[in-house]
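Same chain, two partners: chain A is paired with chain B first, then with chain C.
Here is the complex of A and B:
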């Protein structure tokens, strides 16, 4: 009994790691733009497709495909950032919703148009199971967990000490003051956006081997899973996002085991409703920042 | 100035619209002497694989018929509409085919949930809906004498399938303890409803019951539960694209080779077996058709499809190919492409399909066998074809 619970908690942490890497990008973008990026899941999808393309068409190894997937997504994010996102600084919230939903449709349908709507088979990765604590787990899942920790430690350091990190925090607090002191706001927005998209792509490429299937519509589900996470974590809060993702991952895992798999996707939204009722500014902030 | 400019723009755009608008009219006028056939299938979304195969199967049949001079000298014109596998999109796709393309015949959809939603639309428009790939029994429970006069189905139902699988699993394999893991849809749920109806006859018992949402990728929690509750087999009525994910995770959890997959979800394709050979060894599946089926007409279809598309056909390609041929046979028998005459001809038809002679019962349901196969040493081996007359519930 206890070991089953422990196993499900570990499963949940792995799932949470995937969500966390995607969500942290989305929350940082919100921080600087005050806009929910509804196209965020599409960058997850683009990364996975890039890697799949690299393996199936270019014959590259899985390791190289990670780089190809992430870089390809960064290029797309650069273009979208220049054309769309940088215009949204100071724009009303509705324009952000419309623009990002539009981008999501364009990216998703372009991929379906080019590669077809069917599922593709992702053949790379380390899928051999290994045994830890008496239950077995694919090596790839351990990798996801390790990468997640590295990403978050790195982001924590970056946001606290680096120039870009400090600029990001400044932009998220007051755009006008940033302009006064000479911070290039559109540049910070564009860089944050590329970083966020790259992280989503990384998460996609890391998850692809265990999820096996790659298809155009796969990003949608991820967007709707990350939305409750970034709200729970407190919009714009990197550390909060990490814990919120873990909580959601573990809760989903336990619900799937003890209540039923069909209720898994309801967990995120049920928690979201509860959080919005009692702590609308997130679980980890004492007061609303925005 | 601006005002004038706007006016001019308005004039120009009106002129363009008028020209553009006249084009479809001429197209309709030209196309009046063809038989218009619409295909509603999921071309995107989680079921896109099925839609792709369906359309190719139908296209192949239409091409062959047209190359041979058409039906009674009239060519078939094919229209495709994407249902995305959802009832809402399926209904608007059906409406589009009826209202804009003016089709008299529709083949669709793959997903039972979509077909159920399309039935009243076809009925209202008095368009012949010929289903080729949905297995939920309710579709023909409510057709023919059951209600919808314009719905026909050329596909065996979940009721037949559930019985065939349960019987084989219990009698030939000796399984008594089962876990349910099916897709949360009208197909997945109805297959389980009928499994539960027949399982007690074979002293089978269900230890756990879970349904997954289309697009689900994480089955570890459920598989861990199944590993611990001692089920001998997983009753899986799922989507073909989910099977490799599930099979891989069975390997990951160490239950591959210990727990057997039974049900339906294209266990038999080479790609699926290759994704996790140990998990699929011994798997039992009942399908309407499979490429290994041994009849000359079936083999000829496999060969033709493979040379045309450089890929082996699946079940959905076959049933759509076959249903287009069935429709052509009905039109030929009716001696006209008039939809009510074709419908009457369909009710009386005796059509030679590659799996056997097809006739329709008073619920417009084709009498068709389910083919049972088992994966042995990495290759599907056919264990037989079973038909059963449907016991319609008393009204």
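Here is the complex of A and C:
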């Protein structure tokens, strides 16, 4: 009994890591743009499709396909950033919602239009299980955990010490002042956006071997799971996002086992509504920043 | 006669009444002018016009961007479908029940949701659609889960000894047209009333409206419920027309479609919503575009509307009304 619970918790942490890598990009984009990116899951999907394309059509190895998937997504994100996101600086919140919903529709359906709507088999990855402390865990899941930790430590360092990180924090505090002191706001927005999209794509490529199937509508589900995480974590809060993602991952995994698999996907939105009601500034921030 | 007095310009003729006559004739004769497929497209456009009218009251007049419309559309569709399948009730009973159930569902959902602002409100309303779909999928004993409700009977009326069934595309078109016209008149009545002006006041500046004694909280809640009732009526027509209701009635795509109708036609404008539903639903149905292409086009429409045509077709419609109304 206890070992089943522990196993579910470990599974939940792996799922949480996947969500965390996607959500941290979304929360950083919110920080600089003050807009929720409803298209964020689509970059997760694009990364996965890029990798799948690289393996199935170009015959590349899984390692190379990770790079292809992430780079392809970054190119798309660059174009979207230049055409759309840069216009959203200082725009009302509603137009951000509508514009990103539009992008989500375009990206998702272009992929379905080109590759078809059916499920595709993702063949790459390290799926052999190994056992640690009596748990049997696929290598890929361990890779996900490791990458998640690396990403978060890296992001903490970057946001705290690097030039771009400091500029990002500055933009998230006051756009006008940034312009006064000479920070190139559109450039910071564009780079943050590309970074966020690349992280989502990375998460997608890393998860694909675990999920096995790849399909055009997969991004929407990820967007829906990321929304509650970034709210719980406190919008723009990198560390909070990490813990919120873990909480959601574990909660989903426990609900799937003990309540019913079909309720797993509603956990997120039920949590979202509850958190919005009682702690709209998130579980980890002491006061509302935005 | 002084020199400064300008020569009055010749008024153009007021063509509004002739135009109205032409429109009424076209609307009534549409099934006989166009093909069956055109009639079908018009029915779909009329069905989507109803939730769009509700959404217009929310977005256009009260300034609340909501994605929950598909949830109330689905609730209405399930209510009407369940009544018709299980009890064989007449159409008007289903219609009223769908409106009331959707409106009632909006009360417990609206109270928490309306405490939120802008993006949080949007996310919360999106959550209603997702959770609605999950309930429709999992409450198998009532909704039959993923199988959905099928073979929903044709709408029938029972007036004392008389009873008749609306069958065939043409007859259903007249039913949808009648409901659509009544709904449009209802929106017009709401908007023209003092309540409609208070809604606009809330949209323009909620704090100021509150300070002038407008009970903004009650207004927002009631408008949210009214918009849900419109969506419920649309859902009822949808269930009876397609004769199938599945959990996929609760999907964000429908909410997006309704948003595009309202924003594209011009938010805060009744004729805009009518025009928008004909343009965006009727046209895509009639052109038989592949669903993916249609959604790509919808996405592009959203971007264009947000950044370049903030008012949608409203300025064009205004200019048209002025031109035919004889106003220079």
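In this section, the second predicted complex is superposed on the first by the 290 of 290 C-alpha atoms of A that agree within 3 Å, B and C clash if a C-alpha of one lies under 4 Å from a C-alpha of the other, contacts with A are read in each partner's own complex, and residues count from 1 in each chain.
In this text, a contact is a pair of C-beta atoms (placed from the backbone, for glycine too) under 8 Å apart; a residue touches a chain by one contact, two chains touch by 3 or more.
This one's a predicted model, so the numbers in the text were calculated from it and none came from an experiment.
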Simultaneous placement of chain C and chain B on chain A, clash or fit: clash
First (chain B), second (chain C), both or neither touched by A:185: neither
Chain B versus chain C as contact partner of A:97, first or second or both or neither: second
Contacts of A:262 with chain B and chain C, given as first, second, both or neither: both
Contacts of A:11 with chain B and chain C, given as first, second, both or neither: first
Touched partner set for A:112, first chain B, second chain C, both or neither: both
Which of chain B and chain C A:211 touches, first, second, both or neither: first
Touched partner set for A:200, first chain B, second chain C, both or neither: neither
Partner chain(s) touched by A:129 [first = chain B, second = chain C, both, neither]: first
Touched partner set for A:70, first chain B, second chain C, both or neither: neither
Chain B and chain C footprints on chain A, overlapping residues: 112, 117, 260, 262, 265
Touching residues (chain side chain A, partner chain B) in the complex: 4, 7-8, 11, 15, 112, 116-119, 121, 127, 129, 135-138, 210-213, 215-218, 221, 253-254, 256-257, 260-262, 264-265
Of chain C, residues touching chain A in the complex: 65, 112, 115-116, 118-120, 122-124, 126-127, 130-131, 134, 137-138, 252, 256, 259, 263, 290-293, 295-296, 298-303, 305-307
Residues of chain A touching chain C in the complex: 35-36, 84, 87, 92-99, 101-106, 108-110, 112-113, 117, 220, 224, 227, 231, 260, 262-263, 265-266, 269-270, 272-273, 276-277, 280
Contact footprint of chain A on chain B as seen in their complex: 43-46, 48-49, 51-52, 181, 184, 209-213, 215-222, 224-225, 228, 241-242, 244-245, 248-249, 251-254, 271, 275
